[in-house]
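Two complexes, one shared chain (subunit A), two partners (subunit B, subunit C).
Up next is the complex of A and B:
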């Protein structure tokens, strides 16, 4: 009896494996590429496709820790402001005579500090939800960036700094390599380590996690700090690509990032989803944007398409559920 | 006999598993009908069919002789069927009246204005409270009430819907003896009003006290259905489990070792006042009291979930002036919570992940979890605690008794040395209860100490070496085994002084 159950379960797993959301995304990704190929004869060129990744991978760095944040059933909408603040501090300190290498470290420190502050506020003031805390810091961080630089641009970075956003290693964009490394590290962290397991547990049931002796506050602070750090990494690559920075850079990134995570199948109710889903959806949205750009489709139309995809992403699991229920009713009657 | 409710040849299958097989169930008007059986016997499914949560595959339901269709909880409600679940389902931040009248608030005229007539709602709620002899303000928020009082709010909610069939699933699981007395009085009043009560319980003494009829279900079939006068308790146990139970409380004599925990003059925010006790290696200390007496708060403070406290806490002779959950865990303290699904388990994760959550370092290297080692560890505990499932089964799919064992398993995995076990056997069947007692025995023989927080007095008297009785945040006395009877405990727990 027990034996039979186990076998039945294995079969079921194999079936559910192919019905995972990640496969839907892969399918969608392939479909988008096929459509793009038909739309534009210039699309299917490996060199150009690789180059295209350079245009959208900057914000992808934030997607990785945002997956952790959303699995915790929290949210961080201050990331774009963190990007702006760390970029501005870096540019200003470089122009005040700080060596570029040190300025980069300052940039990373500022981002990390911003994230740490978010985490600290969220765990210390339990009455405040993550949305409220990061909404406040979103305004504050951006405000500080404006005070530091006012409404100006700051740049004139050394020539080697351009390599981050524009360089290649063996024909592959440098940013893609760095992203791949980070993706592997975050993937291992989420799916293979005790830390990742604890994040999932907290997203599923924070009370039970606390009662199991998990240091829930510590883990939350670490996750938000990581988010701040990765926002600073985004600031580095974004500034390098643009050549200079302004207090209003990266505006709207927080929504792009959250959209990618949700489209990746990470449930906003917490505890569910895989990092691969989010990574696929980065490239899915990226290539969609690139392909439509080749056909001169206006950016606004693209926004509509992404919005529709999001609704689709949130709806599909529920649709499946209803369908099952409907099937059952049919059977019983 | 004239049957008010009749369920005929109810059959229900989940996937390939026949949960109910041609079950007949009848209940008369104004009667208390006890429905008993081990966990997984099918009694909850049968009642969920009656409450409209499940649809039977075949069979009929008749009320007052006419066939009815119950396709949804709403239809069941319209037919006057109300179910009071084992776990309280109230809105904690709303007050008593708001909870009682939720979704069917009395409206002011003209009705299209959709203005709620709160005056009437409060008045009516007050009437019900008075009728059942409860001295409560209808404006009081539900989260300030004790567990027992919340149960009564649920009963009032059912009665105010003009329910004539009320299903109570383990209503006394979280109640103290005093509250149970009030509940039984309320049930008596309901009977007089002509309400039919279907009473699901594992506590056979209670059934003997209040039931008129008994139906025993085993493996989805009715084994016995008769009047209460025709059965004896041992007969029911035998019918339920299909075997005779030798000893309900298999307490072992364990040699006591050195002191593991000492609490001196502990106070906490007016909720706990000057509590002192100690516990030795191998000892089982019972803590009992009415709901709201502070027994749960005491546990939460000692395990670091609430604080800071005044007074001293010594663990293995080491003084702690304050404690966090993490420190408590590192020093071998653990809280085996009585509210399994919300505090003890990650319900949609497999057993394996639930077990190792307390001590993942044991199955990981450099922070990386080794899944095969983890599975082995989980398998060991599954075998040791006789959990009826494989290690990759999702906890949500387990029965109450098995879920309880998983909570024990995770603390065994963490090598906890001082276990605070809250309501160890509430809401589980007699067979599993003995299993749990044996686990506790195994714990104390292997050198752990157990603090058992329970409102089941026979369990406290049967299993504990010493008993501490709490009342209103104070310790009203610590008694040795054999020196105290259930009646004495009840006397101190209700505020009596020695």
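Up next is the complex of A and C:
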């Protein structure tokens, strides 16, 4: 297993190329789009579809580093609280007279710091699992946000800040462009660098990785710090869309994000999966929600449908695993 | 067997790829052309959407019922939506969906007065009539607001009630909905103004707690209030979810008579506590009528009978004629005075709503 992922170059095999989870997702994506198109006459409108991406892409920024975290066989459930804390600190510092540009940098710093702290705690206290550490920081970060703002909202940002969440560049939502750039960067990082290969190696066998000279602690801290940073990016876009922020923003985002990653075929036992899968599943869930929303499906029914989709996603890899033997080789990038 | 299965999957994939749809595909595959377009003609019936704060709120369901009744009386199609969480994020998403559906009118009870402005402006730019009901959005984001009752009367009357119940002196607390709920915040402002009167010098408002209109959070906030303020004598809960949660906590802890409860509640949910005396009396208007009036106002906006200017008049079905009046820098339509429910009349109202 491990060897397969570490060796970058492999001979191309058409059969196995098509028997990948990512293709399953593409298929599912196509099916959902076709169903949506038939369900609602309003669905297939390119401009409206682009607009729809604006409503779900904010959390997508966290999906990218979360892929790394889950490949490491770890988990980070503090991301939503990190979003809330960095958004709240940004809003409060802006309203205390800090220039907006500086407030944005503060927001990114707070997020990065939160992530760094998670990473540090996880590598320093090895007896604690990532889920316990981030569960505690989830409560702590959210708590700090509540202490700062209590139950109030803070906002009144300058007009240009709205552009982040609502603006277009050449007819394409700005948020989509930024996401695409980040997606490419993270894709290259995971699939084209030694750093990425080491992440896979650690996810497959951390002891072996340590003995082969990989600085496992350093990599873990970097990955969690990245997650914090991207949570702050989400905070920027979410706050821009909302025009104001509250300590309870982004509640439930951690589960949405993890759901997207798992549906993307990234194995929660670590070492398996690709970034493309997670990216496809962001759009899959996003468009599914949008399509069902157009049909005015009640909110609870929507949750059930997404839940079923997840169970399906967890079940299918077992099936896939069988015919992967038949396909034998997996392409890494 | 596995081969067969794999083969079938492969065939399905190929077919769907050929059927073609603009899907983001991993690199190194050829792009497909977009061929699936199904254009159906939208129905002739005008579409009126109503977005409530969140699901699972009986008060909201009554309001949506009223809205639906009005729209159906007028021959339109009613679309009722509510997000699973009482957040502005979720409402923004629903507004986007409704804009895409090209509805004629969006009525909503806002989860945040300002956060919905960009989305609602976008809707109005698309020619959709926008009005808020019950919980207002700011004046720039709406054409008119349907107000259930004069906020000043609601705020003052609740303070007067609780002070009478606790005998004129002691600590009181407020259990509200979310900290951003416009209607509750306005009422709380008026409560504070009423409390400034020197005759309330022995009454102290110790805390405004937020139960977010979620039953479990309202219960835990009530418990927290009772723990933090052991001398607490009265709770005002100007939200139907909050008052029911507080009623349950006070009943379970056997605090009947020690801590008084009043506020705004649904008779059907509160009958038990009013009859037992945990909540001596409370107030509300008819949420069905709020929805019904919103429906008629929405229809009048779409028909062009009113534009949301002060002085506009329209007929609101069984509620008679209504007039648009000023409200801060916006305009509103008022339903009426809050109605008092006590042990005498609760019996007849609990089966109504």
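As a convention for this text, the second predicted complex is superposed on the first by the 305 of 333 C-alpha atoms of A that agree within 3 Å, B and C clash if a C-alpha of one lies under 4 Å from a C-alpha of the other, contacts with A are read in each partner's own complex, and residues count from 1 in each chain.
Basically, a contact is a pair of C-beta atoms (placed from the backbone, for glycine too) under 8 Å apart; a residue touches a chain by one contact, two chains touch by 3 or more.
A quick note: this is a predicted structure, and the numbers were derived from the prediction, not measured.
Chemist: Between subunit B and subunit C, which makes contact with more of the residues in subunit A?
Modeler: Looking at subunit B versus subunit C, the one contacting more residues of subunit A is C.
Chemist: Of the two partner chains, subunit B (first) and subunit C (second), which one does A:209 touch, if any: first, second, both, or neither?
Modeler: first
Chemist: Can A:95 be said to touch subunit B (first), subunit C (second), both, or neither?
Modeler: neither
Chemist: State whether A:267 touches subunit B only (first), subunit C only (second), both chains, or neither.
Modeler: neither
Chemist: Identify the partner contact of A:40: answer first if only subunit B is touched, second if only subunit C is, both if each is, neither if none is.
Modeler: After superposition on chain A, A:40 lies in contact with subunit C alone.
Chemist: By the touch definition at the top of the document, which applies to A:51: first (subunit B), second (subunit C), both, or neither?
Modeler: After superposing on A, A:51 lies in contact with subunit C but is clear of subunit B.
Chemist: Touching subunit A in the complex: which residues of subunit B?
Modeler: 55, 57, 305, 325-326, 328-329, 334-335, 337, 342-349, 353, 357-358, 360-361, 364, 367-369, 390, 392, 410, 414
Chemist: Give every residue of subunit A touching subunit B within the complex, in rising order.
Modeler: 2, 5-6, 9, 188, 192-195, 197-198, 200-201, 204-205, 207-215, 271, 332
Chemist: Touching subunit A in the complex: which residues of subunit C?
Modeler: Subunit C reaches subunit A through residues 2-3, 5-6, 9-10, 12-13, 16-17, 19, 21, 23-26, 36-42, 55, 79-85, 87-90, 92-94, 96-97, 99-102, 112, 114-115, 117-118, 178-180, 210, 212.
Chemist: Applying the document's contact rule, which stretches of subunit A touch subunit C when the two form their complex?
Modeler: Within the complex, subunit A touches subunit C at residues 18-19, 22-24, 26-27, 29-31, 33-34, 37-38, 40-45, 48, 51-52, 54-56, 150-153, 155, 162, 165-166, 238, 241-244, 246, 248-249, 251-252, 276, 279-280, 283, 289-290, 293-294, 296, 298-300, 302-303, 319, 322-323, 326.
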